[in-house]
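Shared between the two complexes below is subunit A, which has subunit B as its partner in the first and subunit C in the second.
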Partner chain A sequence: MTDAIAISNAQLRFGETAALDGVSLTIPQGTCFGIVGESGSGKTTLMRAVLGLQKLDQGEIRILGKPLVHGRAALRERASFIQPIFQDPAASLSPRSRIRTLMNEVGTVLREPHAATHERLAVILGRLSLPPGVIDKYPHEISGGQARRVAIARALLMKPSILIADEPTAGLDVSVQGDLLNLLQDIRRSQNITLVVISHNLAIMRLIAENAVVMRAGNVIEGGEVGSLFGSPQEVYTRDLLAAWPSIRAVNTKG
Partner chain B sequence: MSGFFATLKRIGSERDGWLGLAFTLAILVFALIGPLVGPDPNAIDIKARFAAPELAHLLGTDNLGRDLAARTSVGTRYALTLAVMIVVISSIIGSLIGIVAGIAGGWVDRAVTAVFDIVNAFPPLILAFALIALYGKGSATFVLLVTVVFIPQFGRMARARAQTLRNLSFIEAERMLAVHPVTIVVRHYLPNVAGPIIVLASMNLPVVIAFEASLSFLGFGVQPPNSSLGTLIKDGFVSINQSWWPTVAAALVLAIATLGATLLGEALRRVIDPKSTGAR
Partner chain C sequence: MAISLRDLSVDYSLQQGTAHALRGVSLDIKKGEMLGLVGESGSGKSTVAFALMGLLANNARVTLGTATIDGKNFDLTKRNATAALRGRGMAMIFQDPMLSLNPVFTIGTQLGEVLRRRAPGSDRKTRVAMAEDALAKVKLSNPARRMNQYPHELSGGMRQRVVIAMALLSEPALLIADEPTTALDVTVEAQIMREIIGLRDRVGCAVLLITHSLGLVTEYCDAISVLYAGEKLESGTVKAVQRQPGHPYTRMLFDCEVPIDRERHADASQNSFTVISGDLPDPRRRPPGCIFNGRCDVSFAECAVVNPGDYPVGDDAGHSARCLRLATP
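Presenting the complex of A and B:
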């Protein structure tokens, strides 16, 4: 089976800083894949490159086997394969549009009658425990946690086969973090989505990811199956990262 | 529309804003209702020429005995119509051009900025004479001229806002969903650019009113049989030795209109866009 995402030798500089310094990795379809690393290690930059929001200086990215190309036609096609959940989901909802309008836009892109969109949306909202009434609100009228789930709902409405979530649990209560991760995991399994989770929090990787890579200064320094990667890390850096995160004893949702 | 009334209320709660609102309202009533209830502005009555203000002629009469209150209110209506038309057209065109330049970047952006610079490099009066030479004098030329002169101001402001918006998550989220670029511009850029643009538009209204008056005073703006504040001041000026009323009446209305619009624009800026300094 082709890989969901294959990156080879991705390089990108911002002036003096090498945000990506030759990253290569492959993410198999249908799995949950983790990208960890300290702040500034290039995680978000890598995600933006994969989404086509950021052009690489060098290297190649393939999504479901297709090389990433820029331009509107390619973007339209890619949108149905891969959807992001941004680091600050409240900021990813257009402030002067009702949620309903934002959801209808997805239907329009898919050339789907609004009724059909809303039928699917109702199921997704229920799944995310969002009250049906949220769609008549403006983004500033809902809570941060709701905004995050609305952003997820909107991404799911696009029926992507790959979902990339940048720090999906940042700013959430520890109790709610687990719920959200379980939810993402559920959705991934039931819809056979490839889930890429970006975080500097190793504990959540242990909870949901099957495979992960560790990034440092724009490089992948270590990678593999999560159990062995974090069980017996080879790199000092990974050990340091691990030490920074006391393991959370929660129900293991993997499997 | 509750936002509209809330804004009005906040403007009215400041002294300057209250004055601006009152002046503007008075001018609006004068310009919009005056022509409906007043006497015929073109009725000639030679016997009553150069009459001082009296009950029958609230602002007196001109050299042909025409009622000055009626003529001034029609002139004000004409001046306001032109000013609003110009500001609306130039702010919409300017915003769209600015947003597109801000989004596109690269050579599109450089070309648009260069054109803006070129247009603004000419003093408006020089540009006015060039356009009048090309298209002849009259209201149409005037509208074209001032619209062209004002587009870069709106364009620059919209461009700067668009450049900021372009990198925000919600615009990137729209792009990632492959929402049509026209929808993104109209639904997600425009409303987020509108606040400062509306403020700039309201601050430009008095500028346009005064500019129109000066061009018309010089005889290059509004042409007879239409009359605007500028032509009224000019007509009064010609016979100022016989009577100073016509000039003073029109000049007073011009002063109240520009002062009111300026104060209102300033107050609107403080309410809608408190961060900006109002500098162009």
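Presenting the complex of A and C:
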């Protein structure tokens, strides 16, 4: 089976800084792939390159076997099978249009009657515990957590085969976070979607991803099957990341 | 007791009616201790901070509440009740450090301003030295150079350090940190929390840490208070509450946390996450009985009628929760 995403030797410099310094990785179809690393390590730049929003200086990206082509037509075609959930939900919501307008656009792109789109939307909103009335609001009228879920609902509405989520749970309450992750897990099981999750939440990454890579300064410094990657990390940096995780320490029931 | 807050109640007037954001919330923080105030979004935890600082929005009104800070009493229902304490007795660290830093002034100018209020009459040279010293204390590299830089030239973690240095200079009796590390990486988060603890130990102030991360609270705090829909449901030492949560909501919150060493299903798509089903009650119309009744997994008939009082939990002094199951018949 062709890989969902194959990146070989991706290089990109912003002035003096190497944002991507020869990144190579392959993401098999139908799996969840994690990209871990702190800000400035190149995670988001890599995501933007895969979406075709950022040209590489060197290297190649293949999506479902086909080389990534730049240009409006190619970008539009890609939208039907690869969808992003941006870190900043405001980036995917226009401040000047109601959420309904945004969702209707999905129907237009998919050439689907609005009634059918809204039928699917109702199910997705329910799963994300968003009130149905949310679609008549403007982005500034909803809370940050709601905006994030709206952005996720929009991405899911496109029925993509690859979903790339940049910090999908940052800033969400534990309970809402659980809801969202269960939904993503559900979608993976029922629709055989490829999920790429960029996050520094290692605890969650361990549980949802099959494979993951750790990035630092534009490089993949370590990668592999999640169980062994987090179970016995080889790199000092990966161990530091794991050690920095605030954990609920087990309490001594007698003391 | 350095800080105590009594019966804080805050209303927001909205187009659709009056929302009761806080109902009779009381907190106590000992000098030199850190209290973690946890709750979901919409629980009113930031409103507590804003009411104390006098930063509430125009449509908010404190209907009841008094605070004792550093031995002085304040009636919070009065506008600007704590104005005298801002920059001297109280300091606040926001989630977004850019909220506290002015983009058009250098770091040095802004730290100098704190000192003009804190140490009036001091000459400029002394103030610069004090500011540089504070930047060095929060482990910001190259303090002398930072003094002449603007906030946009610094990373998020560095800006947060500048804000902590600012708080350090004002030597507060109460430091409020509202989600101070939410916008930062885990490794930076640990460093920033260490700086906050360093500040607390140096100044000997009380710290109110507002967060939704129980991981942070159990790692760094001495005591915990759990807020839900504007009401305090449980409080006690972190150890006691973690060992024996008195309120079902606290227990459910702890269950939702994902430990880094949780058992992992070999097929990753089979791993599922714990949630608290249901939604927050409408803040305009409080349902009768226990506020958590609608989402509770162990509620009984009486819970829908009787609003529970604050009952002691276990034998740990100061550990109490508002759950009817704790009431001794």
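One rule holds for everything that comes next: the second predicted complex is superposed on the first by the 241 of 255 C-alpha atoms of A that agree within 3 Å, B and C clash if a C-alpha of one lies under 4 Å from a C-alpha of the other, contacts with A are read in each partner's own complex, and residues count from 1 in each chain.
In this text, a contact is a pair of C-beta atoms (placed from the backbone, for glycine too) under 8 Å apart; a residue touches a chain by one contact, two chains touch by 3 or more.
This one's a predicted model, so the numbers in the text were calculated from it and none came from an experiment.
Taking subunit B and subunit C in turn and counting the residues of subunit A each one touches, the greater count comes from C.
Contact with subunit B, but none with subunit C, is seen for A:Ala151 once the two complexes are overlaid on the shared chain.
Contact with neither subunit B nor subunit C is seen for A:Val123 once the two complexes are overlaid on the shared chain. Residue contacts after overlaying the shared chain place A:Gly178 against subunit C, while subunit B stays out of touching range. By the touch criterion defined above, A:Pro84 reaches subunit B but does not reach subunit C.
Applying the stated contact rule after C-alpha superposition, one finds that A:Val226 touches subunit C and leaves subunit B untouched. By the touch criterion stated above, A:Val69 is placed in contact with neither subunit B nor subunit C.
Contacts of A:Leu51 after superposition on the shared chain: subunit B is touched, whereas subunit C is not. In the superposed model, A:Ser97 lies in contact with subunit B only, and not with subunit C. Shared contact residues of subunit A with subunit B and subunit C: none. Across the interface of their complex, subunit B is touched by residues 51, 53, 72, 75-76, 78-80, 83-84, 86-89, 91-97, 101, 105-106, 108-109, 151, 154, 158 of subunit A. Chain contact summary for the complex, subunit C toward subunit A: residues 40-42, 155-156, 182, 185-190, 212-216, 218-220, 239, 242-243, 252-254, 256-262, 264-266, 268-276, 279. Residue ranges on subunit A touching subunit C, taken from their complex, read 32, 38-40, 129, 143-145, 170-171, 173-179, 181-182, 185, 188-189, 200, 202-204, 206-210, 226-227, 230, 240-242, 244-249, 251, 253.
Considering their complex, residues 168-181, 183, 187-188, 191-192 of subunit B touch subunit A.
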